[in-house]
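Letters A, B and C name the chains as they come in the text, with residue numbers starting at 1 for each one.
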């Protein structure tokens, strides 16, 4: 599992800090393009808020469409951080080293992006402020005698997402302290002062390193339950509803969580391949890492497929007319059934067939395509859960309708992708996206065992 | 006599460990010297002192506080708005459990972070003797000795293989 | 003792053992043949319980016959418990071998040997096949009744569900035995010349032409990987089938997509718990402390802690989804299985499948010991028994007679308490499992020799600067 050549600290510093200390020519151009797309999306959102929801495809009974799909999608992507960082750290997998930081940062930005979706979906976002922040601390609505449903999953949602966001940010910041110290030592002027403040006087003595390692393990163990709860609670936005039959399924919680891990880890694999290409990190993001990610994805994808099958089987199990109506729409009516086939193919069969082949796992172009397919498929999955369920809500057949998204929704969705990409690019200028000390630790713990004529790579282990 | 710091820089971990052995043999207390590295070495790799800590208390305290806050917040809001929704009781335990759990985990994690930073003796407003070459891969042996022993300590470090010795008085010697 | 002193310093003192590969075969052969007093006593007690179980079964059959499933609730519960442990434990061997961890080596064979108990399980299933009501309504389809009750088989293809369930359980048993056999071939080949009596005949027949050539090792590795993947798939499928046919579909209106998942997780939890208990007994009284280091308990208990948390998470997902909607059928299910009828059993289930093992496994020093994970193992086994009693006694008695073909369970039934034959059958099932397992340990070495020897190639104790640490080889 250790295919790369040995690296010394100076080389690691020089190569991994290239995104911060150097300014490649393409950077500002790429940032400008992405920034433009984000601006267009923000203007479109402003237009929508000004004109009202009539400019979107949302209408009774499909009150939740692209925006909520996108919300769930980005929450899903955010699960990659904890999966790779926490679970692989706890299982002491050596191949996690280059992936953890990028995954954690992707988590933070995708969570932030996800949270913009319900905000614009309120249609009148200033009312959110009225709920919480009005002087003299009596929320506007409550003051007029309109009481909130404090037992609703829509209240559990922000508590979970904010907990996950706060925890992820704090986790990243603590893990960044040693790398801020490296940047403090490599920069001058204002950057030096800012990195110095962020490094908090880090020296790198044994006590500080011991606490860093403990922080990694302890925080991983604490964040893992939060990670499981976040997407479960998002799934319960749908699962608690009894009026939309296909949503009221007990399996939604683990189904969504495993789906989130699937889409998130695929997204991280794609991000790593892109980073390897744009920053020349072939020594750090090696074929063995992408290979390991792909093998992990086979297991995750198969777990996801099991949950998907359970959800569908038990959907038909009850043989209730309203649920059968939804399933009919999903599986037999065009174009929904075509989307369904594309979704299942792109999420499971196509990528897993690719990942079963060692040579294809190590082909970065093919892997990128497979990861993109997974994410398209997972976006479609959320869409096919939310919209057909609403389109065939209950047996009120007079109320059955369909959903046709408008350009307003498309632009805002594309804008969220541009936002995350833009934020990732920007942060790559500020913090190293591969943890320096983690890579250096992997180098010093490297050793070999001789068995007969063969030399087997090995690692030193403390526990 | 006041103590002063002196920092020896070593290219290899073995030489740094030799310096540690020499310091121990010279009667310097293990509490008076530290190994500064740019990457975590396994505990005990340099024969350094053990570092006891109490960081595990912090998540427990945080969890207890979060649990209390969560229960209070959820029960008080339910009593503040006593609306029967969908036939559920005014004080509904399962939804309380969800928000209380999140609150408990959030506070546990925040307190853990505080604990880690505190136990790491950070933020260190006065950084102390340091050299930027440490983050280039050199291993620093930072020793606190009486001022009249600085010279002998410098000799000891150099003999152990230090490529440079840094002192607070601006002195630096290869 | 073939082992050197256990290594590890500070909080990891005594974590790792490095047995001597050259002495392993002889020692293991001796231990396999030996019948120490404590062992024979355990075998005798288990055998007596086994006999009591058979007595209970015959008495129940004589009293009630095989027409109604109601009186057989406790039998179903103990069948399910044995099924969960015997199917879940080999999966631990398969899964940990798949992740290429080194700490799993001592537990591989311990886990795989549970597949021999699977034969008992298959035999126990046969009466259940006759007890399961038909899918089609045999009586007149009255107003408000269903012509075909709700099952995963829908309209019911030919033989469904009885024959398919039997074939599935048989397949599962055969696959797990195949994994055991394939994994044991190198050990049997190694021992065939030094073994005597029936063991010699058995080893020679079953290990065939194994001489340990490169080709043979590669084939064995590929075979174990393929069989492991197949075993995993068929296990998940059979858990889905058994949990649906013998639990969910017997309670009208219980539509719960997460129940098969909860069933599988409980099975994994119990399987791992059983393995940890077995490892503790071997280490403490079997003289295996030189082979089973605390590192195995340290790592396996982390997995058990994770599974325990997953268990309560899935339970909560089921509970809150049913609780929130206030639908009559879902409220009735909750009253029946959680809050009213079987409330005490549920409480014991929750405590022993989650609260108690969580409280035990939370602490690093406890997870680093051998007794801590074993204690948690005992707890989860008891919790699993409570789970099975709650679910299967509940489902067997939820809707007697024509009520089974109603669309929903309209009234919450009263609890069914065990009589003497039920008690005999439950303790008999547990005794039978222990009895057959103990016998199996006299047939095959309880530790996988080839995996342990392979481990000695890749696990060393070495110096790094001024410290000494474990060196782990990573061949792939």
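Here is the rule we go by: a contact is a pair of C-beta atoms (placed from the backbone, for glycine too) under 8 Å apart; a residue touches a chain by one contact, two chains touch by 3 or more.
Since the structure is predicted, the reported quantities are computational estimates derived from the model, not experimental observations.
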Can you identify the chain nearest the overall CA centroid, using each chain's own CA centroid? A
With contacts counted as defined, which of the two, B-C or A-C, has more C-beta pairs across the interface? A-C
State, to the nearest whole Å, the distance from the C-alpha centre of subunit A to the C-alpha centre of subunit B. 30
Distance in whole angstrom between the CA centres of subunit B and subunit C is 43
Could you put a whole-Å number on the gap between the CA centroids of subunit A and subunit C? 35
Within subunit A, the set of residues that touch 2 or more other chains is 225, 460, 462
For subunit C, residues contacting two or more additional chains: 320, 324-326, 464, 469
Going by the contact rule already set, what residues in subunit B reach two or more other chains? 13, 41-43, 46, 88, 95, 98
In the complex, subunit B touches subunit C at residues 13-14, 17, 20-21, 41-47, 50, 86-88, 94-95, 97-98
Name, in rising order, each residue of subunit A that touches subunit B in their complex. 8-10, 13, 142, 147-152, 155-156, 159-160, 162-163, 166-167, 170-171, 174, 177-178, 181-182, 185-186, 200-215, 218-219, 222-223, 225-226, 229, 233, 436-437, 440-441, 443-445, 460, 462
Which of the residues in subunit B end up touching subunit A in this complex? 13, 34-43, 46, 48-49, 51, 53, 55-56, 59, 74, 77-78, 81, 83, 85, 88, 92, 95, 98-99, 101-103, 105-106, 108-110, 112-113, 116-117, 119-128, 130, 132, 134-137, 140, 142
How about subunit A: which of its residues touch subunit C in the complex? 1-2, 90-91, 94, 225, 228, 232, 236, 239-242, 248-254, 306-307, 310-311, 313-319, 447, 449, 451, 456-463
In the complex, the residues of subunit C that touch subunit A are 12, 15, 99, 150-152, 154, 236, 240, 255-261, 298, 302, 309, 313-314, 317-318, 320-322, 324-327, 457-458, 460, 462, 464, 469-476
